[in-house]
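Letters A, B, C, D and E mark the chains as written, and numbering starts fresh at 1 in each.
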């Protein structure tokens, strides 16, 4: 994210609508994948350029154009010209630090959100921005193209002629794409929940300052998730209320279902956050408890040996006329007295439950 | 719950409406219990299959079909076909990690919530998802079927001809079922409140880190309860506002009563949560207090014996020409001086209220 | 309250409207006190039974029927029959753990709230549930009847012919009764505020773990008050908005005044809660401060005497050829060195402001 | 404030509208100051009694009647009779623990708020209740009359013929009076902010438990300010929305300006509260830091001298056959060993950054 | 800010609309910069006085008058007279402690906000108040003129004939100016985020009380940013809802984009605040951890050497008849016993993971 912010700083003062990529760079060229389908036909192909603006015409088929990689500003500009996309939308697609939102531009909807998948072992969450332009008979998706996507199930379902996707418009395709994105949130949450359990075990077995850092890393990840899911809920809620003409009646019920899923994600997240904030309290209380135990050991040791050391020091004094020195039973008596003192101390501490 | 989540992960990317059980497995087969009743008749039977779609016809009798066990996907599919239930509803019934909610599908209402009962001794709260499909003349309830249910009082009341249940429609039956579910929330809360008192006694008698873990276990259970009761309140509130045609006028006043009960559950829960969060503060303050006491003992011991040990060490020095060694009253004088120092210290600590 | 909850558990699964007393038992029989009045007449009497349903007729006089003790279910049932009270209302009157609320049943209003008065010395707040049924020309009040009530000022005002109460309807009587109840909240708050000052003095004079327990006892009482006053505000607010036909125009301005009082109670309560939560911080900071002081004493003692003890130990060594032993000024020199070390330490600690 | 509350307790159970002074007593008699003005004339006089109800008639002049001291119930009663003020309003004027509010009685507005000014050095905030009755051509202000008022600037502006005050009605006079009251809130906030800086300096120079008490005193004062400013914002907001006919169009824009000022007061207050709550954290962290430093000193001392003392103790043993005693270089060797141990310790602690 | 507040105190009691500068003084004279432009022409000049009220006439050109320095009250008064600006607006322009807001005066909008830029190295955030008066064909901006402004990109864009700015009205110019202001918020946030990372490194490398002060300084800066961005969001939101006639349709979409930016600023700020509040917890836990470690070292040292010192003290006693003194192997045996004790202790601590 810090990369993104840095770039935004560079952009300060530019005219609105100025196209400039904000985010992590990718060296590979932009790839475009076009899928045209209706109930009976499906045509899938890879294209390299936007020659002849692709499939622009009122047609019974639905086109899904998936653009992988948004760092090439020229490609975006061509799209904008072909499909009449507002410059501000193009600017938002390029700036990969958008807050999830939906915007209605009459002819098309602009939807932007985060596509999240579990990072590799030992890594953070893998997050990528994905934008959708949804028109009457087309849907264009723009990905950052960093590491593949989560849309495989949709491609599979599209190949199935009986799928509801094939007989409905781009709004249902939008639902499908959003649905797999949200499903992957559950996957990430589960992974997170396992990592929380690991840290919890750590906390009990061997609480160290590193554990606290681990807890805060988890907390920050959950905060990040919260930041991307919270507006997503609003986004789906707004689609479900059919604020736009582009959403068909039949899709609404599915969007309501999706809305429930986002609420569930937020609920689970909330539970995890509560667990994690409890862990910090447990850490602090176990730390202060260990301090207590250490102090008790020190106090017991000192309380037993200080009086005894005083007594042996006493009889180390070199006064000429200390009568005890010459008494025959003085030594055993002192020995017994010291044993009595030590025993008394131990009994006292046992009573006070210090031992 | 973690089992449930794991399964949801497996389901990621499936088409919406795909039926797949999410939750804990149960080996026993699904059992179906049908009760048809009106003011004068009552017919109760167990059926094994859904042959002839059971009781589907406009009729003066009310049918309550109780399905015990939702892991068999085929049975659900049959129900869907017979009663025209939307695939998304069937999917929700199978996924046993639903947030409590009510959905109006015109012909029928879909209500889902958690049925809670006290766990066995030493166990957590026993929680099970229960779904209701409420039509004009039928109510279908789907339970996970893990460990019996809490509907016995309803079955008893149905046998009583004079019961209001017998002369009213499925909406009043729904109220009855929701009512016993909420009544069991009170039972669980009472059990929880007793466990809190136990932990509180523990806290005063012998505060240990295990106590903190106990407090957090309680807190997590209350968080879970809050998560299931909070949307339940909304659910009952929405029913009470008669958003649906399926709720009769006469039932509304009973739903208002039920609404009050859910608010009372939330209130009691809130009080318990406050008590528990106060317990953590008490634990921390008693820990820091014990530390203080331990430190005082250590300091008193050290402050008394260190000067005395210094003095006896002094007269253990082997200098040839230490005149004190030869004075006849040196020993008793040193003895008196040390007694005076010790007494002075004790008096000083008494004054400072350290003793 | 735990008694009440236990009973609610017993009631789990009963049909709604089943009359069963929930709460603390009272051995004395129910007492009924009837006051009929208009501008010119006042009739006050005690009755034992509800023979002939008392005063039921459209009449110019207003009747106030005060029922002391609600544990006798039969009496309640009679009232229900005579005045056409809904079974759910009767059930709520019997269940003495109701949340304050007002319910409009068309012919009558049902109002339930907590009547609070200061407990005896050393005791908690004395709380009792009181319910009002307000019709067009009558008001019935139901008290738990545990320990007298706070309505004496109303009885006195009713005896005064010029009182506004005498020339207005039962809605103004309701206002009067609510008003004395809220006035007693101020009395309890004042008592609480005094107890808080006591604990605060304790906190400064002699902070002990018992003080923390005292603070939490106060906090719990304030939480309880908050729970009963918060819905009371809503209750009065709803009456004041004249949602019901039974409230006359002239009474509204008095209810607005009462509403201000409840807001003031909440404000005062909020201030007290803030004071109390600050006390815990003060306790913790004074505890950690005392620990600091104890540790400083220990450190000063140890830092002064450990080097000195080392030196006297040094000259207690028995090596044959320690030249110092034979030097004539060795002893005084060592003495001076030790005095210098001790003085240096003291000066150092004074500089560091440790002393 | 506690005096006020005590009186409210005394008033418990009185009929609404019973006039009784609640608050601090003032021995001096009530003083009444009448100012009649229009664009061309200004008449200012002191009156002692309300003979002939003063200036009651529809007239082109505006009358401002300032009543200093509200403890004389009879004066209030006369005002009530002359100007037709509702008994509940008179009761509120007498009870000096009102929450700031505005009430519309049709013919007149009743506005009550706190007039605040900085206390004398070493004192708390000086707070006094002030009430306004605003009619079509008069404004009556009631002060507690404890220690002068803040209205001098208004008196001065009234003397200026070109002042907008002279050509407008009592609503603009109300704005003027509210404006100087709010201006004095800024003065108090600035004083408070200086006191916070003092405590902050204290916190860094010499953190003591007294500092914590100081912080909590500040916090309580800010809580008090919050309590009086928060409803004031609502009050001004409600006036600005012109809920009443008595507010002229031209005044609204000035009330909007005043509204901005109250929001600014709240903002500043919020910043100060945040600063103060941060101070407690700083105090705690500096306390725990000093504890750390004290402990380090103790540990260093003990760790260096305990081994050394052990060694010198060793050679204080009186065994006959300890060969070291007779070796000629034993003493210097032991001396060197001890120096090495001490040096090693110091190096170790330096490495661990403990020194 | 404290300077500003002090001045506000001085202003207490003045008539509303009295012009008086509140804020930091600037010695340099006010400078006025006038830019008149339409699609084809651009005229840029510096003026010293407001002779002939500059460009006041309905005209096709747009005028941007940028006033640098608001401390000269007379200049403001002239502007007020020329452009018919309300005295309260002029007062607000002069008082540089305004809360960001937009006010609609029919003929013109008044917009006030904070212009923020990164301070010089080692300095705080540089903040300056900027006000805009937006009429039908003119925009007047008033800056405090302390240290330059951030409007350079706008001046550059205005010189470009093809810029959208040139063909639109002052509302789009307002958008442009607000846009660069908000862009600079991102720059400041980035700088802050770097400073947070520095403090975080500090926290891990060498946690000291100074770090806590650093954290609180950061927190206060973020609080300040929150205070200026939060109302800014409302401000832009209100412009975007086109509450005023002065905002053209075509500008709304750009304002929506700007609104998104302010929300993004708030989001980033929220993340930073959460990071910082976590840092305090980390500091406290690492402090308490170091205390634990220090205490462990002390306890280990004391626990090993106290028994050993006791033993060597024992054999320093001068009793005549201690038989051990004469046994030939006594010394080696004691030596072995002490070694065994020391080894046992070390093993014990290793087991307890203290070492």
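Operating definition for what follows: contacts are C-beta pairs under 8 Å (C-beta built on N, C-alpha and C of every residue); 3 or more make two chains touch, one makes a residue touch a chain.
Each chain and its UniProt protein: A, B, C, D, E = Magnesium transport protein CorA.
Computed from a prediction, not measured in an experiment: that's the story for all the values here.
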Chain centre separation in whole Å, for subunit D relative to subunit B (CA means): 43
Geometric centre distance via CA averages, subunit D-subunit C, whole Å: 27
Sequence positions of subunit E contacting 2 or more other chains: 284, 288, 291, 295, 298, 302, 306, 309, 313, 316-318, 322
Chain contact graph, described as a line, ring, star, complete graph or other shape: ring
Sequence of touching chains round the ring, subunit A onward through subunit E: A, E, D, C, B
List of subunit B residues in touch with subunit A within their complex: 2, 5-6, 8-9, 11-17, 86, 88, 91-92, 97-99, 101, 103, 206, 208-209, 212-213, 216, 219-220, 223-224, 227, 280, 283-284, 287-288, 290-291, 294-295, 297-298, 301-302, 305-306, 308-309, 312-313, 315-318, 322, 324-326, 328, 330-331, 334
Touch list for subunit E against partner subunit A, complex: 150, 152-154, 157, 163-165, 175-176, 179-180, 183-184, 186-187, 189-190, 193, 253-254, 256-258, 260, 263-264, 267-268, 270-271, 274-275, 278, 281-282, 284-286, 288-289, 291-292, 295-296, 298-299, 302-303, 306-307, 309-310, 313-314, 316-322, 353-354
